[in-house]
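For clarity, chains are labelled A, B, C and D in written order, and residue numbers in each chain start from 1.
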Amino acid sequence: MINVGIIGAGRIGKVHCESIMCYVKGATVKSVADPFMNDETEKWLKGMGVEKTTKDYHDILNDKDIDAVLICSSTDTHAPISIEAIKAGKHVFCEKPVDHDIAKINEVKKVLQGSKVKYQVGFNRRFDHNFMAVREAVKQGKIGALNVLKICSRDPGAPPVSYIKVSGGIFLDMTIHDFDMVRYLSGEEVESVFAMGGVMVDKAIGEAGDIDTAVITLRLKSGALAVIDNCRRATYGYDQRAEAFGELGQVAISNDCASNAVISNSDGVTAEKPLLFFLERYMQAYVNEINQFIDCIVNDKDVPVSIEDGLQAVVIGVAAKKSLQEGRPVRLDEIIK
Amino acid sequence: MINVGIIGAGRIGKVHCESIMCYVKGATVKSVADPFMNDETEKWLKGMGVEKTTKDYHDILNDKDIDAVLICSSTDTHAPISIEAIKAGKHVFCEKPVDHDIAKINEVKKVLQGSKVKYQVGFNRRFDHNFMAVREAVKQGKIGALNVLKICSRDPGAPPVSYIKVSGGIFLDMTIHDFDMVRYLSGEEVESVFAMGGVMVDKAIGEAGDIDTAVITLRLKSGALAVIDNCRRATYGYDQRAEAFGELGQVAISNDCASNAVISNSDGVTAEKPLLFFLERYMQAYVNEINQFIDCIVNDKDVPVSIEDGLQAVVIGVAAKKSLQEGRPVRLDEIIK
Amino acid sequence: MINVGIIGAGRIGKVHCESIMCYVKGATVKSVADPFMNDETEKWLKGMGVEKTTKDYHDILNDKDIDAVLICSSTDTHAPISIEAIKAGKHVFCEKPVDHDIAKINEVKKVLQGSKVKYQVGFNRRFDHNFMAVREAVKQGKIGALNVLKICSRDPGAPPVSYIKVSGGIFLDMTIHDFDMVRYLSGEEVESVFAMGGVMVDKAIGEAGDIDTAVITLRLKSGALAVIDNCRRATYGYDQRAEAFGELGQVAISNDCASNAVISNSDGVTAEKPLLFFLERYMQAYVNEINQFIDCIVNDKDVPVSIEDGLQAVVIGVAAKKSLQEGRPVRLDEIIK
Amino acid sequence: MINVGIIGAGRIGKVHCESIMCYVKGATVKSVADPFMNDETEKWLKGMGVEKTTKDYHDILNDKDIDAVLICSSTDTHAPISIEAIKAGKHVFCEKPVDHDIAKINEVKKVLQGSKVKYQVGFNRRFDHNFMAVREAVKQGKIGALNVLKICSRDPGAPPVSYIKVSGGIFLDMTIHDFDMVRYLSGEEVESVFAMGGVMVDKAIGEAGDIDTAVITLRLKSGALAVIDNCRRATYGYDQRAEAFGELGQVAISNDCASNAVISNSDGVTAEKPLLFFLERYMQAYVNEINQFIDCIVNDKDVPVSIEDGLQAVVIGVAAKKSLQEGRPVRLDEIIK
């Protein structure tokens, strides 16, 4: 039985807590830390069967019975807590992004070198049944050499501007998942990136120095092309689609819905909207990623999403930001030499 | 160039006239007869390039230049005009049904025997791209031996009760197309039929002695089953679907729409309704059936829908009527010995 | 915490055991009984956290700590064990069918009268997201008055003939789910039933006195019609669809797949087959039904699937059997006066 | 009756000839000119009912009875023949592109000024039922302000390299349709364009100085974004899709097929491939565009696709070419001041 400590009891921390307690065999959440721990959260955690709660995550790092920590705190704390946790000999599952700053991710990477600690980054979409089906088709050669990869990723609604301000910008907050998907689905590295975007959803997002809508074109090392389109608002729900096109054909995935019921009446033929947002859409993926993390610990396997994966997605995000600012395509080797 | 005379200038007569003048090479409509011929119709026909109009169809039968006639008059005149036309040596395309009365169809059949006249019945769905695709799949063995054939056929709205009264009843007016589809899609003859139905759309239809909604189960000679469901009213348009299921799999067709545009918004994900009614849905099929009729004349081929096909569909219809009245399955050999 | 005992450790008993241990909060499986309990099963049950195992289900009925039993044994034992369990004051979840014999179900019903015991029957499809969506649409009046209800239910492959022989026949074993769906989706009772069927999958099924393919037409009390088509073999997987059609429109559900990936290549545009069989297709429904059963116990609610529901489905099944044998529609009041 | 002369009896010239003779009321093809006119073509034209054939298009321009000409000759002759035809007072339907050279298009534009001649450019997709449905949805405000427009356009197979060499390059030959679609569907002008591409289909295309696969991102005047992806080869047929996404939702179109038959078997659930290529896919659009051209002449209306539309698409194409060569986004005002 792997004893897990969770650092950060916000939305995603609770998701992982419930996953482990309900659906992950061979692991249990022993302790949860959050600087803002309150009665309500404590009650919820106890109800889930969590033994200890604390405001200080060091209590978790210092607990000898704890094998692994899940870092679900605010992004700026991911890198320093990662380093402390690795040094404490805990296996780490770190929510994405590891950091907005490449140098800080490299520090984590350095500390990891030579360590036997498992370090997995929380790119949950890699564990989604649909995206996995695309990856499998590409990997098995069903579309032959990849030519054009397309990813559409739109949130149902924009987060509050207070969030936008600390988010690192759309590319490091939202598109980062899609950048990871480009690498995952293609099995390739990115060479250069060109971003166009604008403020179309909420002027306040623009005033905060960010954009809310973007089209990003990427060239992969093989010469294949990828294109991502993002928007912070889709009235019809969480839009998560992908198409991989190649010399032998195409594989495409569409959205998931709560049911496949279709109503035909005098207004038309109407199906359900896509599942609203990431918690509904990716719940099983969240369970899967933790299950695999625990499996890697128990059976000493390589993690499915490494620190390198965490780094590369941020590098692409930084390049995209630079591309948008300078109005030109940016090569990744401009960002990391 | 085949010279065609059309008897009956109602809706379907005009459809065929336009088909021939615009889309059928090698044929022209020389003359159109209708007892209620009026200025408006005459003008329309002239506009289409028709040479002659008359109130008396004998003018067509007596015209030596006319090779073929299309019988598009009221159902009760189909059989007698068919016989006159055959005797006059004209090739005949007769709208469905040949007659409501089996004996009268047999008379036409008798007159046809030994004659060199081509006689085709207007079961237009046999010439529809979707139904043809099902037939092809069944014929090519793609589903193996047929087990269950399902046909769903619903009109967008009920006709006026005045029409219902002379229609011969739902089975001979509406389901007759589906009975023909059972024979066409399966390539088999029907052994027995059981009909359940009711008045669910319009009480006046019930008062006229008919029903408006039905489910009809048929056993085919091979033992395979078929089931048809009909309704005189579907708020979402003309519903025309079929599924053939067998030992190796299933082939299914759905409705056609004016475009495949799908709108996603806060109300859901909405596609267009099916094409409204038979003129929209089967326009190409109407052209195709006349094209093949002309081709059969020109190249002396067997017609694709024979008098026997016209007869069998009526026999099944009469059996269905009897089944509904007597509340029991009826074998076709009770109807024709 | 509700303590549950499971009687019968076959496939479905294990499914419920895993559901409760992993996904049902507020309940635990304390004890499992099976006359053929062996080492392998015991090991599996211990692994799931089950405390006790036994060969004698009386150990469960006599255990004062046990609040509820799940009857997952062979069908012929459902009724007698139900009666014993009710008398022992245990809440009962009984797998379908309660019995093949209406008289025996009535005995259970009689014992239940006046008892405070909760008694739920295992019609799992009532808890499936798609079928629930159809029910909701019908209930909310989205299709207006129901006219025609269609259910297609095909298994991926036929069970062994040894199973067929004790199954009670296709109507009581397989179609019984669809009969329940007719009542559930329509919210109505059935008036009469007409069954046509044949042996199309496996001659051995015919030699065992059963059929493997059927089309069943039902008339509901309101006059609405329902039609079910069944087959014991569908090469493309478990086919579970329904359409409810009414005065305002139609609601339809299609199959669920492991992913919605579509591959387009020179062979065509290919999606995944439906989920293979009931364990894959209805896993969440199995969890849901037990969750609701536990909720009914804890919060003293009416069960969502009552003994009456269990009875009615069998009555329709018996009527269908009689209809097939006698080749005529059978009214339910011929079966139960 | 409008008398039409067709200049160029290649594939597209024949398509228009057949359209007019079979499907366009109120017009007839009186004369066809082609420098390579041969017996076979002459025979085909006579069979269609064309009166005169010639090797010299001046015979058409000099024919007083001819009201309108269709310029279907090689691209390099479009502009000079256009000018001659306008000067001869003939209405002109000119195949796309008017020319690869902006200056030459401007010359035609200049000659047109003040003339009463109707001049329509052959962007057939504007007359396709699906693309029209997208345009209507956008125009009617169904998606609110446009945010992101996506067009996927892939040919089934690459043309011979001999064709590529005189094609003007992928952007002026193939993408030009998509550039026009961006303007048509959005109802907006383009501000800048960025093109990425490569040779992924056929090395010989690269050796001829062209590319065969591209992703092009465009910024519209409103700030909205558009993205086009092209490939010269799609194994599954002619891929012609579009999505317009905006503040209120999305409208999307998919491919058309010969039938909507779906076969389910042990291999999966397989639909037909898209219609193979432009003649199958856009046949009705070709008819529609000529019908509207004739209608504009007869009823003195504005043409639906003007010389300005022809010009703008080429300007975007030239900008895309420059963008690809220089590896940077190019503003349209760099191309035309």
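The rule is simple: a residue touches a chain if its C-beta (ideal position, glycine included) is under 8 Å from a C-beta of that chain, and two chains touch if they have at least 3 such contacts.
The structure presented is a predicted model; accordingly, all values stated were derived computationally and were not measured.
**Student:** Spelling it out: a chain qualifies if it touches subunit B and also touches subunit C; which chains qualify?
**Tutor:** Of all the chains present, those in contact with both subunit B and subunit C are A, D.
**Student:** Which chain has its C-alpha centre farthest away from the C-alpha centre of subunit C?
**Tutor:** The chain lying farthest from subunit C is D.
**Student:** Using CA atom averages as chain centres, what separation in Å is found between subunit B and subunit D?
**Tutor:** 40
**Student:** Please tell me the distance, in whole Å, between the geometric centres of subunit C and subunit D computed from their C-alpha atoms.
**Tutor:** The answer is 58 Å.
**Student:** Nearest whole angstrom, what separates the Cα centre of subunit A from the Cα centre of subunit D?
**Tutor:** From the centre of subunit A to the centre of subunit D is 42 Å.
**Student:** Residues touching two or more other chains, restricted to subunit D: which are they?
**Tutor:** In subunit D, 234-236, 248-250, 264-266, 272 touch at least two other chains.
**Student:** Help me check something: in the complex, which residues belonging to subunit B touch subunit C?
**Tutor:** Touching subunit C: residues 145, 147-148, 150, 152, 154, 194, 196-198, 200-201, 213-215, 217, 219, 223-225, 227, 229, 231, 233-236, 239, 245, 247-250, 327-329 of subunit B.
**Student:** Please name which positions on subunit A make contact with subunit B in the complex.
**Tutor:** Contacts found on subunit A: 234-236, 264-274.
**Student:** Give every residue of subunit A touching subunit C within the complex, in rising order.
**Tutor:** The contact residues of subunit A facing subunit C are 22-23, 25, 129-130, 132-134, 137, 142-143, 248-256, 258-266, 272.
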